[in-house]
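Heads up, there are several structures right after this.
Two complexes, one shared chain (chain A), two partners (chain B, chain C).
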Partner chain A sequence: MDINWHSFFFLLVALLTCAFALAVVISSNIVRMAFYLVLSLGGVAGLFFLAGADFLGGLQLLVYVGGTLVLLAFGVMLTARAPLVSMKTAPGQWVLAAVVGGCLLAVLLQVAWSVGQWAGPGRPGVLEEEAKPTAAPLGLGLVGVRVDQLDVDRRADLTEKEKKAREAGMSGYLVAFEVISVHLVVVLIGAAYLARAKRRVDAPLARPPQT
Partner chain B sequence: MFLLTEPVGLMHYLVVGAFLFVCGIVCMAAKRNAIGVLMGIELVLNGANLNFVAFGSWVLRDEGTAGIGLDGQLLALFVIVLAAAEAAVALAIALNYYHTHSTVDVDQGDELKG
Partner chain C sequence: MAELLKSFVPVWLAYSTAAAVNAALLVVLALMVAAVCNWLERKVAGRIQDRLGPTRVGGRFGWLQSVADGLKLLAKEDLIPQGADRLLFRAAPYVSFCAACSLYLALPLADGWVALQLNSAVFFILAVAGLEVLGVILAGYASGSKWSLFGAMREAAQVVSNEIPLALCALIPVMIAGSMDLVEIGNRQEGWLTNWLVFHDPFTFLTFFVYLTCAVASVNRAPFDLAEAESELVAGFMTEYSGFRWGVFFMAEYASMFVISGLAAILFLGGWNGPVPIAQWLGLTRDVGPLAAWLGNFLGMCNMLLKCSLGVLVMMWLRWTLPRLRIDQVMTVCLRYCIPLAAVALLGAMWWTYMWPGGW
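Moving on, here comes the complex of A and B:
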């Protein structure tokens, strides 16, 4: 039996990602939840690599695991009281959340299974092709030069109308890039201002926490 | 079902994305810690990102379909940046909440006055 190694690694990384995501939900210790989230998002980066999005996988590791989750860890440390008070949700609320989540999962899985083309194993021999690096096409695509769609004319599976529409819509994402750059600057300045050190309310807890 | 000898298709990625999304929703709904709710938001966004990348992946694309190509990865890039910005603001809000209420329990934030 010759194992398809791509599928083997996909199965391994996907199971790890889902297991750690479930551990985030189940765990009640906030520090452990943060660590399981780090591992789960690292698994998502691995899934990005397996899908051929190498630049995005690296970006996920850099920005999410190395940036956003470190921010989250700082938040955990700054808002933790010693001893770490564990806030447990009532079991009734867990049941309700699990029922709603289960229904949503059933609907999403049914949709994922319904389209026949999606269940297909992909083009035969695609894994023997050389992996195309995506950093340069992404950068050029942001500006407007879509080097990934240069062969629109030669594709046999598109009609003439689709080819025309595709060439007309071959646009870049420069405006969106500029907008989110400015947005990021504004948001980070605002967040830094919001989170500045203020005179702390030193009163004890207003009322005892409901168990 | 899925054997080790078959190549992976788009559906398998959508299943993982859906599972992450639902885990995030349950986390957002059922956690009392405000930082726990933020972790749920991160899981939701990553589930959606996985869907975007899967639809735009040249490895998973079926024979006759065109797919969305590089647009999927570009959209996922924007989602990552926006999620980082939103996590920063949400943490600033959580810190303010902690400064005024001396706790990070969201169940105790049921009065409108700050």
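Moving on, here comes the complex of A and C:
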């Protein structure tokens, strides 16, 4: 018996991810929901690691799982009052959610199956393919060096116009990236400013009760 | 190993056995570290307080103390409070422990001796180290007591904010080495101790101490152990835990202490490359032969383990020497001092490598 371990672990992790995602929907306790969400997102990170994209996997862990963690800590627990701790879903909402979710699933499946390169198991040479390092090309792409398109000049099948277009795409994303980062920092500072406890300077001091 | 087993048993059994053995080796490493650290902590605490520490179990030096402690913890009653969320209460210690164990996946012990040589190992370790706090938050919430919840909140605030300077500090060696691969960063510091990145320039020297401070804070050790603070705040998030589950939290703490010292050793202190290039003098390098390379790597591993243990020892020394800080003081240390210092060091190291790219 020859087990394709890659497929085995892919199916295992994918199954776990889906199971926890379902548990998020079905569970009614809000903290448990957040916990299952963390596990589900962790499963997605596992899928990235299996695909050899370890940088993306780390990013998933850091941004999504870590972000949900902070959500869990500061969003849910501090606001979990009695009416919100346990959430009951009405039957109508179930139906609506099922319809919307089903439609999305149908569209995604349709798209996934229509891509010829992704079709079917038994495709040779996938497992043998070395997992490529992912961090360096990403970083280089950020400053404008597309590792996957270095041979543009030598490609004979492209017209002059297409080559120009490809080279225009090599301009890099560093400035845009930095602008977005600064924007996010400003948003964070603004949020912290809005959310901070407001202390009134002129508020009268509470008097001790007269005895 | 799978290749060897294949000749005796079916292929699928060979591969799964090999995988199980490798995984077990990693977990055993983490557990051994926890056991040794537990004994060391008691011994160091004793000596610093002018006591002997454990002396009886196992004959000399009480070296079997950890086994006795483990048995004691196993025999204790496993309590779950009435108002607790039972599932999450049970799951929480294992979440912490799993995160701590996964750290060992990416930590190399010598040149190429690593379970998984990741292209972005530094990033992976920082990401997973942040997940440990999940177990703590769950424990605090699931205990169903305000006391534990506040403990968990303190820990979450402390760990999340200390990750920022920690990541900034880790960025500097990454920038100098031009790689996030820990094996490559370690190999770059080959030779004499002047090649260590801590002596690369004044800014990395500063960074090392900022890293040390943030590392101690991010693994919740004294003087930053506000999450537990057993003598004043009655163990914070772990108040309701007893017996083995409590022990699992402690194993996770010791395991991550070791990894965070290992990261410091590789990023700043040369990793498996000693202060003196003994392996080169003895001719134990890769170009001599496979056996020589193996022996050289073995020496390197001993070196690395020694450095990790020294790091852990420093953390224990700090714990039993310094008084505990208040939570606002912890946050001040992190936000007012560590982050600006780390940012200045990052800019300075950038400038230095720009001016003198080959070192000085």
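Note that the second predicted complex is superposed on the first by the 161 of 211 C-alpha atoms of A that agree within 3 Å, B and C clash if a C-alpha of one lies under 4 Å from a C-alpha of the other, contacts with A are read in each partner's own complex, and residues count from 1 in each chain.
The rule is short, and it goes like this: a contact is a pair of C-beta atoms (placed from the backbone, for glycine too) under 8 Å apart; a residue touches a chain by one contact, two chains touch by 3 or more.
Not measured: the values here are computed from a predicted model.
Between chain B and chain C, the partner in contact with more residues of chain A is B. Once the two complexes are laid over each other on the shared chain, residue contacts for A:V38 go to chain C alone; chain B is not touched. In the superposition on chain A, contact of A:F55 is made with both chain B and chain C. In the superposition on chain A, A:L72 makes contact with both chain B and chain C. Applying the stated contact rule after C-alpha superposition, one finds that A:L188 touches chain B and leaves chain C untouched. When the two complexes are overlaid on their common chain A, residue A:A14 makes contact with chain B while staying clear of chain C.
On chain A, the surface touched by chain B in one complex and the surface touched by chain C in the other have residues 1-3, 55, 59, 69, 72, 74, 134 in common. In the complex of the two chains, the chain B residues touching chain A come out as 2-16, 18-27, 29-36, 38-40, 42-43, 46, 49-50, 53-54, 56-66, 69-70, 73-74, 76-78, 80-89, 91-96, 98-105, 107-108. On the chain A side of its complex with chain C, the touching residues are 1-3, 5, 29, 31-32, 35, 38, 42, 54-55, 57-59, 61-62, 65-66, 69-70, 72-74, 77, 133-136. By the touch criterion stated above, chain C contacts chain A in their complex at residues 10-12, 15, 85, 87-88, 91, 118-120, 123-124, 126-128, 130-131, 133-134, 137-138, 141, 149, 152-153, 156, 160, 180.
Taken together, the chain A residues at the contact with chain B in this complex read 1-4, 6-8, 10-11, 14, 17-18, 21-22, 24-25, 30, 33-34, 37, 40-41, 44, 47-48, 50-53, 55-56, 59-60, 63-64, 67-69, 71-72, 74-76, 78-79, 81, 85, 87-89, 93-94, 96-98, 100-102, 104-105, 108-109, 111-113, 115, 117-124, 126-127, 132, 134, 137-138, 141-142, 146, 148-149, 155, 157-158, 173, 176, 180, 183-184, 187-188, 190-192, 194-195, 198, 200-201, 203-207, 209-210.
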